Amino acid sequence: MSAVVEIICGLMLITGACFAFVASLGLMRLKDVYMRTHAASKAGTLGSGLMLLALAVEAGDLSVVTRAIAGVVFFLLTAPISAHLLAKAAYAAGYRPCADTKIDALAETVRPKD
Amino acid sequence: MTPAVIDDTTLYAVLAPFAAAVVAPFLTRWLKHNAAWPLALVPALIFLHFVGFIGPVSQGETFVAAKAWAPSYGVNFSVYVDGLSTLFGLLISGIGTFIILYAGGYLKGHPQQGRFFSFLFLFMGAMLGLVLGNNLISLFIFWELTSITSFLLIGFDHLRAASRRAAIQALVVTGGGGLVLLAGFIVIISATGEIEMSVLLASPDIIKDSGLYLPIFLLVLGGAFTKSAQFPFHFWLPNAMEAPTPVSAYLHSATMVKAGVYLLMRMHPLLGDTVLWTTVLPLFGGVTLLVGTILAVRQTDLKLMLAYTTVASLGLLVMLTGTSYEKALEGAVLYLLAHSLFKGALFMVAGTIDHEAGTRDVTKLGGLRSLMPITFAAACLASLSMAGLPPFIGFIAKEILYYGTSDISALGQLGIMVTIVAVVGNALMLVIAAAVAIKPFLGPEVETPKHAHEGPVLLIAGPVFLSVTGVIMALFAHTTGVWFIGPTLSSLLGEFTQIDLHLIPTKINAPVILSFITVGLGIALFTQLDRMRSMIASALDAIGWGPDKGFDQAVSGIVSLATAVTRVLQTGKMQTYMLLTFVFTALAVLLPGYLSGSFPALPKLPEYRFYEWGILLIAVLGLIAVLIAKTRLTAIVSLGVQGFAVALIFMMFGAPDLSFTQFMVETLSVVILALVMTRLNLSPRDHRSLASSVVTGVVAVAVGLGLMLTLLAITQQPFDSRLSEFFTEFSRSIAHGRNIVNVILVDFRGFDTLGEIAVVVLAGLCVLALIRIKTRPSDEALAKSTAGQAEKQTVEAR
Amino acid sequence: MTSLFLTNILMALAWGAVTGSFSEINLAFGFVLGSGALYLIREQVGTSAYFRRIGKAVGLAATFVYELVLSAWRVAMIVLRPKIELQPGIIALPLTVDTDFEITMLANLITLTPGTLSVDVSEDRKTLFIHCIDVPDPQATIDDIKNGFERKIMEAFR
Amino acid sequence: METGVAILIGLFFTVAVYLMLSKHLVRILLGIAILGNSVNMLIFTNGRLTREIPPLIPSHLYTPETATANPLPQALVLTAIVISFSFFAFLLVLAFRAYQELGTDEVNKMRVAEPENDPTPPQGY
Amino acid sequence: MTPFELFASQFLDIAVNISLGILTISFIVIVFRTVKGPGLPDRVVALDMLVAVGIGFIAAIGVSTGIYLYIDIAITLGLVGFLATVAFARFILNRGTAGDETIMDEVEESIKRREAGQ
Amino acid sequence: MAGSSVSVDYAEAMITTPIAAGDWLIVAPSLITMVGGALCLMLRKNTDLQPKLGVFLLGLLVLASLGLLIRVLDQGVITMVMGNWLPPFGIAVTADPLGATLTFIGSVVAFCAGVFAMQTVSSSGRRYGFYPFLLLLMTGVCGSFLTADVFNLYVWFEVLLISSYGLLILGNERIQLDGAVKYGVLNLVGTNLFLIATGLLYGIFGTLNMADIAVKVDALDNPASGALATVAALYFLAFAMKAAAFPVNFWLPASYHTPNIVVSAVFAGLLTKVGVYALIRIFVLILPASLEYMADVIGIVAIATLITGALGALAQSEIRRLLGYLVIAGIGSMLAGLAIASSGTQATLAISGAIFYAVHSIIVMTALYMAAGIMGMMGSSFNLRELGGLYHKSVAFAGVFLVLAFAVSGLPPFSGFWPKVMLVDAAFQGGRFWLGAAILVSGFLTTLAMGRVWIYAFWRGGPEGTADGQSVDVTGAAEGQLSSGALWLPLGVLTALVIYFGLQPEWMIELATQGASSVVDPFGYIRSVLGEQG
Amino acid sequence: MRTVIFRTIAPYLAALMVLFSIFVLLRGHNEPGGGFIGGLIAASALAIFGIACGVASVRRAIVFHPMSISGFGLFIGALAGVLSFFKNQAFMTSQWLIFDLFDVEIALSTPLVFDIGVYLVVVGAIGSIALALEEREAD
């Protein structure tokens, strides 16, 4: 039992770390803040959530698991909110998406200062 | 001879004037100027008290009385009664009686007369405390108190700049001299271990043997010379004539200025009769005598003329005291007594003339003899005494002093010098005496600002009594000698001495010849008074500088120096403040370790795991990022990076609570930074010149290096973990907590936490006050005029 | 719905009292048992909707997680490409849902799904602006969302 | 164990001091923040370092099984962190208000309390 | 201990180390982005990621030390991390719309970049 | 040891003997002010009640600290260990004559300030925490004076520092903000140095209890070298900054004149003295060898502080700034005491001189700032060029000012005289003539500075330019406030103390001597804290 | 921040955080946590709530002024140590009341009260700072 748990935990850790890494790589490689936000809010959240759960799994204590789940739920709730707030703020402040962005539906309603 | 212990009456006699000082304003409000009569009873009674000492003291007895004041520091309020202090006590209380009366008349109707009486009484008490003081410290306290009261009295007419200047001058010179004296006294105390004058006097060589004679001598002299207006500190005394005349008569002629002479006489047994003493004192005394008389001739103001002769007389006294020769000392004592009597009287006369005629300018006065006959009489008596003519006490004084100084067998070269100076000085004093007493009264009547009358009884009582006393004492010369001069001389010599005094010289000898020379020279000079006056005036103009002017220059020099020094030290630039602070920090962390060679060789790096190295690396990266950040936002976020790294380091070394807190705090710091720094500009570059970068860089590296080395040195030593072991052992069993850190925080060291939460509360309140309290409109307007950019932004935000 | 939940909690507490242990595990166990018991009497208490809703909500949460994983995976794939060639864009999604709660849920779900990120809601709350990391065909994306998440949300919360 | 951290602490102090020697208030504040961290780590390190074993007592024991990290410096640092955070918050807001009212973030130009053209003291009487 | 258990425990050790290594690298990469920007929103995203990686770190260290209570620290970090992001977003929005100089500079840069076809 | 219960010998960890109720007086000052401060804070919107409550609490503080002082004089050094934990594990709070005396005098001054503030602090100032700040400042001050634990000392330092920040910025005027920036940052550096030193000290000895450290230092072979020397240097620098000693006193002239005058009064009285107290406590009690080692440095610092402080005062035309420099000059005297105490038999005399000087300085500087405040109200200015005619305005006030001026200059018969004599005496006995001379010269310059204030502001008929012999009727802007007893009572009490300690110094000398003995010969202190093991 | 998405969810998040903060507070004596961290979490919750829904609604929600809460925290923190006076023990000597309720060990103690004081102080003070800044930002 505990051996299986250990292996599962190890796998979750590595997977989580990989997702976090991918997210940071996305931060590095993607072109504008909007796209980088995608990476952070998805891969990043998944990565940290997985690793948190890995710890809970390893702990095997119900209260720890409960808190881990609560934590993950919190991340799941907050990740989109932070992404949304950041993107909205950046857009409202006038940060332009990169040149590849062809469609900009927002530009028609909210015209940031030129 | 051991002093006899007496009861406390004498102590109360010293304190009585202070009580009178408290009562005086009330009494004056009630009785107006007539309060002078009851008030004068106080010094009169004190006088009577001291009269009681004359008999025993003239038998060579001395007395002490003491009350504990600050016993744990050895300070007593104690008096020492011998010939010298009795003489001074009698002068202070006796002249004081008439001064109080005189002040009653002189300031009649003045709104602040009560206050004036108070000051006079304060001074009287201080002066009595000084001359009777046995304990060096309490003596000094009264010494400074006389300076303070003198300051208040000189500045009595405070609306005039001249008064203010004179007052501060007197305070600076005599108060400053007082500090020198204090140093001297303390050296005496620490060198001898004795604090009571009577004890010191019982072993006269104690100071000379202490090895500290020179500093003590110089320091005591510093006090005495400033107080007694010796050249070059003489200038404050004529300026002090800004004070109302009773003050001039009392403080600045009869009593206070003699405090210095008193001190020299008092300490003569201890300090006198050394090469140093017999060189320095006659030199300064002689110069002072000449300077005083010459400058006196130059004056036309009655009071100023008298003031300069006071300077001269003080010089004479110091000169005589400086000979350490018995006969000269006897002359000094006699002259001291005579001077107090005639100078006090003359000042009061001058004041009366001023009061009645409206001017004191000798060139604008004349023919007052018929208008003010009694005053004229008193003036005559006093000035004849001053001139040293018989049958006045001044005459005897001069005879004796010539007798002393001209004793070439005893004094040699010094005697000749001193004698010549004395003759010239005395001749000039005769000139002034004549000028003061004769010119205003004789000759044709001159129109004066006020129509002159004889003064009221309050004004004439003093001069008459003092001048008549001068005659009586001369007529009863023997008694004077036995009662006053002998005992005082005993004090100076430190051994019981009896003298036989005569009014008429028993034979024609050197002193008599010298007297004739003096009188002849004086009369000759008097005829040339106006010429001398203009000559001296033009000579002084040619020099164009004197200590008086020097005083102003010194004060403004000190102030300018102070301003310059302060501007250098307190630049107003915070960057300088910070730089210096860290320079000293660098010194503090590097120097001691370097000097004691305790810095360790760099130990081997530990075997951290790779991710641990990674955490350290992140911290470093974060630091560098903060350092090179070009915008405030980059800096803030980078700050978060190093903070997170620190939190991870805490976690790495088993401190979850710390890590927990560090994460929270770091994030919140960054958040608050972001919220607050909204409008704060972080300039793109740090704007440091190369030199500044190097200097600040070196300082920063020095601080960092020093702390690192110290830390390494400490951590390589074994550690005493007794405290933590205790906490670990009892954390659960007694304090019922499994998180030891938390138990320390809320229980073992909860008191720290209590303070810590107080800090948090206060920080919250501070921020609230900062944000909420509205700047006052006037300041805001000011801000707008100076704050360009910020103002624009503020307006925008509102 | 709330009262049933409370009832369930009370039953869990009762279980704890009966078994004499209020440890977390025991209470959770009691809660599960209690909900099972309530399920048994679902028709009597007249709230089968409670369980249906719970089912839907759990389904929604599962979708949430599933979409997140998928989305993370997509991002990973994109990021790990040797050369990133994308056509990002911001599109406007007309909203059917109108309560705050539903809009919020929808926006969050969209953010967690592959390639999309809610940027803003229009002032009149009729349009949701979405940033897509790669949007060759905007309309298809809009349709996907409207038929997928929006419907699911309306099912779960109405 | 302490060497690496000690070196890092030295670096922290260096950077903190360097920043605090700036004339820009903002950099000074950043320096203060880093100074706080440096001091905290210094205290922490002074209690000697042990890897990863926190001073917690397992629920079935009365004292920890193995030697733990030294709890006392942790408690001290906690107190110090809180205090330095409070001060930091205050100084931040103060800097902001000063900037608002004085119109500059350059400390050398903040010359209201000690004006540049301070008149010389009065002379005469 | 069975070989399987031994393997499992060794695997876990290795997994922890690997993930810590990956996280360290991620951390450094993020720091790079933090410094580089170019805009404030980029930095804030980086900070957000930093928090995520921090959580991972804590979890991994928690597994390696067996101190599961680190989970609370991780959760708390998530909470305050969210607060930080929110606050920064708020900051960008306010300052951006208020025409803050620094932000406007960055915005202009982003416009230039866009026009340059980047 | 597993199981739900374990048998513990409480005596191994805790003090089991009952604590006398009277011993609670040790914590009473901290407790009264802290609980009271919290109470005031909760009632912060009731700006009418605040002053009454605040003054009542400060009065209580005076009584408690007086009680403590009496108890200490009666029973010797007394200690209470927080939480009943055995020392040195728990935080010991120890009242020795030094701490108790300063606590009492500090409380009196705070009480006077509290009363004075009833008139000078506006309702917005009250609302934003004047009384809580003042009360908690006193928590910090009393805590610092009484604690026997170095880290705890740091905590109380911080409490008083942050309270002082609050008081400093209350009003938010531009000048205050400027002053607060410099005060804030430089003082923060100071406390951080203190904390660093404390951390290092803990690293060396593994303990924080002062008595415990003193014992351990005493056992060292070479207690003035190695890392301990660095620690000593850091402590000196940190406390010198706190005490505003040359050359790290920049913050004081930059800030003390900026806040509400009553705040300046409290600061001038208390804050720097806490630094001096800490220097005495740390160097004389704990690190006597380091004191000896550093005596020359301290002596030079003292001389420079004495002279530059007095010169600074001479260079001012603003009375509040002038007074700030006088605070500094006073610190020089106390530092001189510390330097003299480094060796020889005169240590007790020197330290008692320093203690007496501290007491004097606390009282006189507070009173002088209050007087400056009244001068400002009367003459609508703090500038010597614009002041004048105050002698006519109120003779009684002029008298009070003059007394304070002479006192601060060290002239007899006021409180400043005795400690000066003691210090000069000790300096000469110890062969440190320059220190004695510097004290006297500084006193001389101070006399000149105060004399100038007196002739300009009081004796001169009006502002600069008033015709000679003329008097101008000055009417201050805040004239209306001047009839308030809240201004005159505290000033009167403090002036009375200045006169009393001048005329009747015995009590204070005795107290200061006892205080000095308790640090110079720490046996009683150590035994009180550590019990028989010490 | 006028966005429906955030405004809708923020109260729940805030409530969740407050709950968590109390949890962290209460178990601080045994596991990492305690009053200070708990207080910071709660203050963060208030900040988020304030940013999302406006400061006014936060002020309404917490009823008392944050500084009063903070003052109260200090008040009970300081008074918690006074209880020992009545037992002839030194200031801050902990007093424990341990009893079983339904077999669960409940431990009421002065350190707990003290820790609650710490919690309130932090919530109040940091919350006050956050709200004041937020209000200013919203000006």
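As written, the chains take the letters A, B, C, D, E, F and G, and residue 1 is the first residue of each chain.
FYI, a contact is a pair of C-beta atoms (placed from the backbone, for glycine too) under 8 Å apart; a residue touches a chain by one contact, two chains touch by 3 or more.
This one's a predicted model, so the numbers in the text were calculated from it and none came from an experiment.
A comparison of C-alpha centroids places F closest to the centre of the full protein. For the interfaces C-G and B-D, the C-beta contact count is higher for B-D. Rounded to whole angstrom units, the spacing between the C-alpha centres of chain A and chain G is 30. Rounded to a whole number, the gap between the C-alpha centres of chain D and chain G is 25 angstrom. Between chain A and chain C the centroid-to-centroid distance comes to 17 Å (mean Cα coordinates, whole Å). Note: centroid distance chain C to chain F, computed from Cα atoms, is 64 Å.
Annotation for chain F: residues touching 2 or more other chains are 6, 14, 34, 37-38, 41, 82-83, 93, 132, 151, 155, 158, 162, 165, 169, 172, 174, 181-182, 185, 189, 196, 200, 203, 253-254, 314-316, 452, 455.
Residue positions 107-108, 118, 120 of chain C each touch two or more of the other chains. Across the assembly, chain B contributes residues 161-162, 164, 168, 555, 559, 562-563, 567, 570, 572, 574, 578, 582, 585, 632, 652, 656-657, 660-661, 664-665, 668, 671-672, 675-676, 678-679, 681, 707, 711, 714-715, 719, 721, 723, 727, 729, 733, 738-739, 741, 745, 747-754, 756, 758-763, 765-768, 770-772, 775, 779, 783, 797 that each touch 2 or more other chains. Pairwise chain contacts present here: A-C, A-E, A-G, B-D, B-E, B-F, B-G, C-G, D-E, D-F, D-G, E-G, F-G [touch as defined]. Of all residues in chain C, those touching chain A in their complex are 24-25, 28, 64-65, 68-69, 71-72, 74-76, 78-80, 84, 86-92, 107-112, 114-115, 117-120, 122, 127, 129, 131, 133, 135, 138. In the complex of the two chains, the chain B residues touching chain E come out as 609-611, 614-615, 617-618, 621-622, 625, 628-629, 631-634, 637-638, 640-641, 644, 647-648, 651-652, 656, 659-660, 663-664, 667-668, 670-671, 674-675, 678-679, 681, 796-797. Within the complex formed with chain C, the chain G residues making contact are 3-5, 7-9, 102-104.
Here chain D touches chain E in the complex through residues 52-54, 56, going by the rule given at the top. Residues 30-32, 36, 125-126, 129, 133 of chain G touch chain D in their complex.
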